[in-house]
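Every chain is named by a letter (A, B, C and D) in the order it is written, and numbering of its residues begins at 1.
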Amino acid sequence: MAHHIHIVKVHHLTLSFPTRKDPNPKPVLDDVDFGIRDGEILGLIGNSGSGKTMTSLAIAGLLPESASIVSGSIKFAGKNLLEMNPKERRAMLGKDIGMIFQEPSTALDPLMTCGKQLEEVLTAHKDSSMTPEDRHKTIISMLGTVGFATPEEICGRYPHQLSGGQRQRVLIAGAALLKPRLLICDEPTSSLDTVTTVSILGLLKDLCHKLHITILFISHDLSAVRGFCDRVMVMKDGKIIDKDTTSDILNNPKNTYTAELLTNARLDTRILGFEPATVDYSRSPVLTANGITAGYGRSLFERVKTKSADNNILHDVSLEVFPNEILGLIGSSGCGKTTLIRSLLGLLPHSGIVNIKSSSIGAIFQDPVSCLNPAHTIKWHMAEALKASDKLKAFAGSGTRAERNSRILARITAVLEECGLGAEYLLRHPKELSGGQRQRVAIAMCLIQEPSLIIADEPFSSLDASSSAELLKLMTDINRERHTAFLLITHNIHIVRQICPRVLVMDNGRICEEGTTSDVLNDPKSDCTSRLLEAERQIHGV
Amino acid sequence: MNRITRFIAIASVFALMVSVLAGCTKKPADANNFAVVGITQEPGIFDPHTVVAAGDEEIIFNIYEGLYKFDNEGNLNPCLATDVEISEDASVYTFKIREGVKFHDGTDLDPIDVVYSLKRAAGLNEGQDGTALVRELDSVKDVQITSDNRVEVTLEESNSELLSYFTTGIIPEGYDNCQNAPVGTGPFKFDSYTPGQSVILVKNDNYWQKGLPYLDKVTFKVCADMDAGLTELANGSIDIFPYLTSDRAKQLDSSKYNILSNGSNMVQIFALNNAVEPLNDLRVRQAINYAINRKDIISVTMDGAGVELTTAMSPAMGSYYDTSLDGTFDQNLEKAKSLMADAGYENGFDITCTVPSSYLIHVNTAVELASELKAIGINLEIKQVDWATWLDTVYTGRQYETTVIALTSTYAPYDVLERYQTESGGNFINYSNSKVDELMARIPGTIDENEKVSLYHQVLGILTDDACSVYIQDPTTITAVSTRLEGYHVYPMYVQDMSQVKLVSN
Amino acid sequence: MPNTHKNRSPEASAFYTAGLILLGIVVAAFIVSLFWTPYAPDATDAASKLVPPSLEHPFGTDNFGRDVLSRVMSASKYTIFISAAGVAIALILGTVAGIPAGYYGGFTDRGIMLLGNSIMCFPGILLALVAVAVFGPSVTNVIWALGLVFAPTFARVCRVGTMEIKELDYITHAHVMGVKPARIMAFHIFPNLVPQLLPATVIGLANMTLFESGMSYLGLGVQPPDASFGKMLSDAQSYIRVAPWLIVFPALMLVFYILGLYFISEGLRVSLSKGGK
Amino acid sequence: MQSKAGYLTGKLIELILTLLLVSLLVFTAFSIIPGDTARVMLGPQASESQVDLLRAQLGLDKPLPVRYGEWLWGLLSFNPGTSYAYNMSVSELIGQRLPVTLGMSAIAMVMVIIISYPLAILSARKPGRLGDQICSVIGHVLFAIPPYVASLLLILLASSLFSLLTVGTYVKPSDDFLGYVGCLLLPSFAIALPKIAMSFKFLRSSIIEQRNADYVRTSKSHGLSDLKILVRHVLPNSNVSSITIISIILSDILGGSLIVEQVFNLPGLGRLLLSAISRRDFPLLSGIVFYLALITVLLYFISDIASSLADPRIRLK
């Protein structure tokens, strides 16, 4: 390896959390040894609990009190950080080392304006030559640097008045205000949508070049480092197991774990060979929605007072879902996808007409944690779904109570098995199931009602790759065998490309493009589709 | 130097704290010629003619005076009248009015004031509807000045028992604001009333009894209850506190307080509603009388300080009281049980006892009674109600089975027994015996003292034979008086006479 | 598979142990008192008044000569009974009002919460006092008064919990499936409120006991000759200097009961908050 | 975004509706009390005609809705009528007692704040340490002691240890302000004790929670000292959540003072209330209950306003 100037050198660092009961626990960081070169962007990748955050906290000196460094050293620009006293270390924070964190929504004090919080960075590192005006000027110029068009206005705003991306920018401004030599970014983009992620990454790269700031970029998502990091390290169980340039890691992983991470990052459906049913567009649609306009008006009082359509999130949306069809619906976050679904499901007051051919319509949602009632067993869930539908009598038939119950039970077991869950799951509680299994129970609950349409709202976004693949397979199977139509809302263009014959693109509460998948994705007609595709391409390399 | 300043600073802070604490423990300085009397009942009415609650009488006794006045031995002495003549048939009372008496507002007492006051009490003044404010004076037909200094009271019918009601207060002619600004002739003038806190009286310098009173100021301080008063006593913030129980009095420091006691001339009664099952059965009432142990009740409620009663009158009434009745109802469980069996209640019965919660002694008596009556199978359920509800449902409404209460009275024996007449408004036990009615009707017209005594004895005897209720005790009034004061007398009535009280001279 | 066994933190188990021991003392006294007390709790005995603790009377006797141990045991009965019945009423009222308020929102919510707020606007003890003063002091009235006073607290817990839960996907799902609102509230939402209602119930028991004893102290609670801790303490106040045992034992039992409940609720809180993370 | 004025209007409407409902509750409660006011005032000896006369004088013979209307108007114009029992204006009576109850509540509140705040901050510095645990255990025990029991113990302690007795010597603030504060110290302390524990517990956990908040980590990464983070971020944020708790504590203290003044024999609203109850003094009773509720409602209102001032997020809703 060639010789480089290391701004940070972590030398055989071992760290653990000893307790009174267990004075020598398994180390959280085990002999971690690496250097950060001056001016580079170094990626640090690993699953949660792999020790990447602890590494960054150790460098910054913000380790929890219970942590204890067993051995090793950390050198910053030649000085051993671990030998410094707390006051000296604190003096380095913000000045030499800046940090930004994952959750921009809570990382700013809600009671303080952004300007004041940024000013604290300057006042904490007492520089007597700075007058309040100077400080204000510095802040304004830095806010300009991080891409705010109206920095003065941002200065006076409270955090809750900003969007997630704007907050993250304010935080970056705070971290970069004193032009530190090292900027540690701990998952700065994982709670942001793709388009915002791209712009934040661009900003960081900009800072790196313009202000000559070295960046340690921490992420659980290997795909995020593409085109951003110069080098990447992979961590697992407190150890660095792989370390290479970004292109080598992405294109030519040597380590099996890295390779595994890489496949998970892309949900590559091509290998799986899904076959959705063919659609006959001449038949009458199972769902017709015409001119839906909806919004979250606050109180009645409010709505009467304003009377404007400003609050509306959906504007005149119309769509049709045909039998057997899997219709894709894509759009960036905040475009009104969820509002549309809530309107279609009748959960939200709206104007316009929703026509559903069959009586029942099923739905599965994004979050596998809250999709099932934690207080009840799977059997209860299924029985409840059956009871709620008009099919209960048909299945139960007549006879004694015991006979009817056994027929119901048989039906429940059959549907669960169709969804890949055996009878042993009947008496389990949701907390005993994995996320994928829970989503399957949710689908089973829909199926037992025999709907002609299931609306699936981002069902994959919280699942890992293999669970997603299985769920996707289940959906195509159902579509093929039961001829159930799906309305699939997702941000994953891969999936849409694979299984949806037709796709809708939403932007700003309107449907901006509609057509067959290949037409729309290969030859986008509208700006928003192009933007989506571009962000997707940058991050996932599609 | 620095250290010294700091010491001074600390010392002054400390001194400030001490003074704050001392501020709240400050005792009335001996140089101040005043006394603080603790009372447990909120005073509310200062009009001498509309006053009903015994607690109000306590205070205005010092403000108003009547033609006659009781002393602490229960004797009726001339006061604003120097003398009285009662006609043969006891239907005309002629009072000679004392001269040289001044009201608190400086005006002289004239016979016309007496006429106004008595007429007002009897409801005879113009603008009054004829209902007597002082109920006992309802029989007054007319009041007029006969000669320059005499006032003649004419009654509708003979009544030899009325003199004790001429203790009712005399107020200036035409005066109608007694409630807010009392004006009388008594030893003390009304100064101020702060509800829930205190009534302040100041010395009447023009009092007709020369040399009295001794104190410049008397404060009647309202204490929430006996125990609150007790803490205040221990604290030294009140000087005189009446109506203690003796076990509480024993807790006081004897070097600071003298404990005085006297019979109260009250009749504590376990009242049985004669109109309800099974109490309408004489045998049941007798059984209850035999079942209870009065000595134990007195021991538990008054720590032994009380006189056992078997009949409707306290021995304090002297000759009117019939000593031959003593011991009639000594505890005899066998007899009680057999009486219960005779009445058909060998297994006992359930009955409720409605007691006013504000009177601890009555509640405690009920508790003890409940425990004792278990022995003959009677299950006494105690129902506590507040005073208002008690008056409403028990006394006026007579909707109850049993209750415990103390009957207060003036020294007139007629007043004590009046309520046992069938039609009497005070007959809340629903007692009815035509013989008693007849005897009672004869009393007011009887002039001869011996005959009167015999009539009273007969009534008492019938009441005891009928076991109309259970008479328990005449509770002793125990009063704690600060050792810095002397001259305080315990009255066998609900009054505090402060005119004789003075600082101990040493 | 997620770990199915809850690991109880040492902090929580310390609270549980301490709480159960303290509560156990009172509950044991209560259970024994149902079958046996050394003396009849309201049997007076003028001959042995104010006897200090001895072998014959381990907790001494009061001014009626009644055995304090027996009275303390029987007082625990009323305390436990009143607090349990009061909490039951508050819980039922609170749940029945709180869940629909949270579920429907809007005017239902405003109306119910307005009523609840109006009740909460009285200092709690004031409302209970007035209610008992109006309807007369009796165990039943005390229970109703306390139930009424505490119902809004439970209603709030239910309302806030319901508002959170109803946004969750499984409720939306149930709604989409066509489950009736009443059924959603009773079978889908209510079971999930239990973890929040449990500590509230325990703390409600403790607070109710505080209130009940305060009311009894003022003479507006349990009526003599029945024993309750508050009444015993208020009676004992006059003998504070001569017979301190009259204060010590009821006060200890009262504090044991309340403290035991607090500890258990604290344990619940700790383990639930740990479990939630 | 809703304006602040809109938020205030909403709260104000809520306040008025609450007060109306409160008044209706109070009135209904007192209209069904058994017991005849006129009879109580005149006593057992009075005749029926006297009682009827008085009843008419007091307006007790009018129909209920009329009485409610008159009563409510009286309350709102701060002229709630004349006490039957004391024959004085109710507002004057309440005014006389208010210094005791309010003074006691204020002193107790000051005690709660000056004791619980520093302890909570110290305790939250090193949660789980011995000092913190001792504080927590003592807090729990204090929490479990009813104020009147604490009062009894304090009286015993004060009389035996310091041979000081502050019981019953009420000094008017106009006479001697220091003495007034002095005589309220002990009862206030008795009320404050459990509330100190409550406030300590809440503040401690709120400070610990805020110390673990993300923005504290941000501030740390900005190089701020611990003290500065505590003063500028942690405390203001925990204060926002404490405002509600403090208003609840205040209302509890107000209720607690009603009992404790009974133990200490102080002439406060509690005793006036009890005497009004036992004397069926409807104007007085309803006046006390309504104005106490009014104070509480205003407290909550003020706390809502205070939170909206302290927390910029609230204006949004």
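Rule of thumb we're sticking to: a contact is a pair of C-beta atoms (placed from the backbone, for glycine too) under 8 Å apart; a residue touches a chain by one contact, two chains touch by 3 or more.
In this text, all values refer to a predicted model and were calculated from it rather than measured experimentally.
Between the contact lists of subunit C and subunit D, the overlap consists of A, B. Ranked by distance of CA centroids from subunit B, the top chain is A.
Looking at A-D and B-C, the interface holding more C-beta pairs in contact is that of A-D. Between subunit A and subunit D the centroid-to-centroid distance comes to 48 Å (mean Cα coordinates, whole Å). With centres set at the average Cα position, the gap from subunit B to subunit C is 44 Å. Note: centroid distance subunit A to subunit B, computed from Cα atoms, is 85 Å. Distance between chain centres (mean CA atoms), subunit B to subunit D: 39 Å. Multi-chain contact residues of subunit B (touching two or more other chains): 357, 386, 389. Shown for subunit D are the residues in touch with two or more other chains, namely 34, 155, 262, 274, 277.
The multi-chain contact residues of subunit A, meaning those touching 2 or more other chains, do not exist; every residue touches at most one other chain. Shown are all chain pairs that touch, namely A-C, A-D, B-C, B-D, C-D. Across the complex, subunit D meets subunit C through its residues 14, 17-18, 21-22, 25, 29-30, 32-34, 140-141, 143-149, 152, 155-156, 251-252, 254-256, 258-259, 262-263, 273-274, 277, 285, 289, 292-293, 296-297, 300. Residue ranges of subunit A in contact with subunit D, taken from their complex: 60, 62, 90-95, 97-99, 101, 103, 106-112, 117, 120-121, 124-125, 158, 160, 171, 174-175, 298, 302. Listing the residues of subunit B that touch subunit D in their complex gives 16, 19-21, 23-26, 42, 44, 50, 52-53, 129, 131, 135, 179-180, 194-197, 222-224, 228-229, 231-232, 234-238, 357-358, 386-389, 391-393, 395-396, 425-426, 428.
On the side of subunit D, the complex with subunit B involves touching residues 34-37, 39-40, 42-47, 49-50, 53, 83, 85-88, 93, 96-97, 155, 159, 164-171, 176, 178-179, 181-183, 185, 262, 265, 267, 271-272, 274-275, 277-280.
By the touch rule above, subunit C contacts subunit D in their complex via residues 114-115, 117-119, 121-126, 129-131, 133-134, 136, 206, 210, 213-214, 217-218, 230, 233-234, 237, 240, 244, 247, 251, 254-255, 258-259, 262-263, 266.
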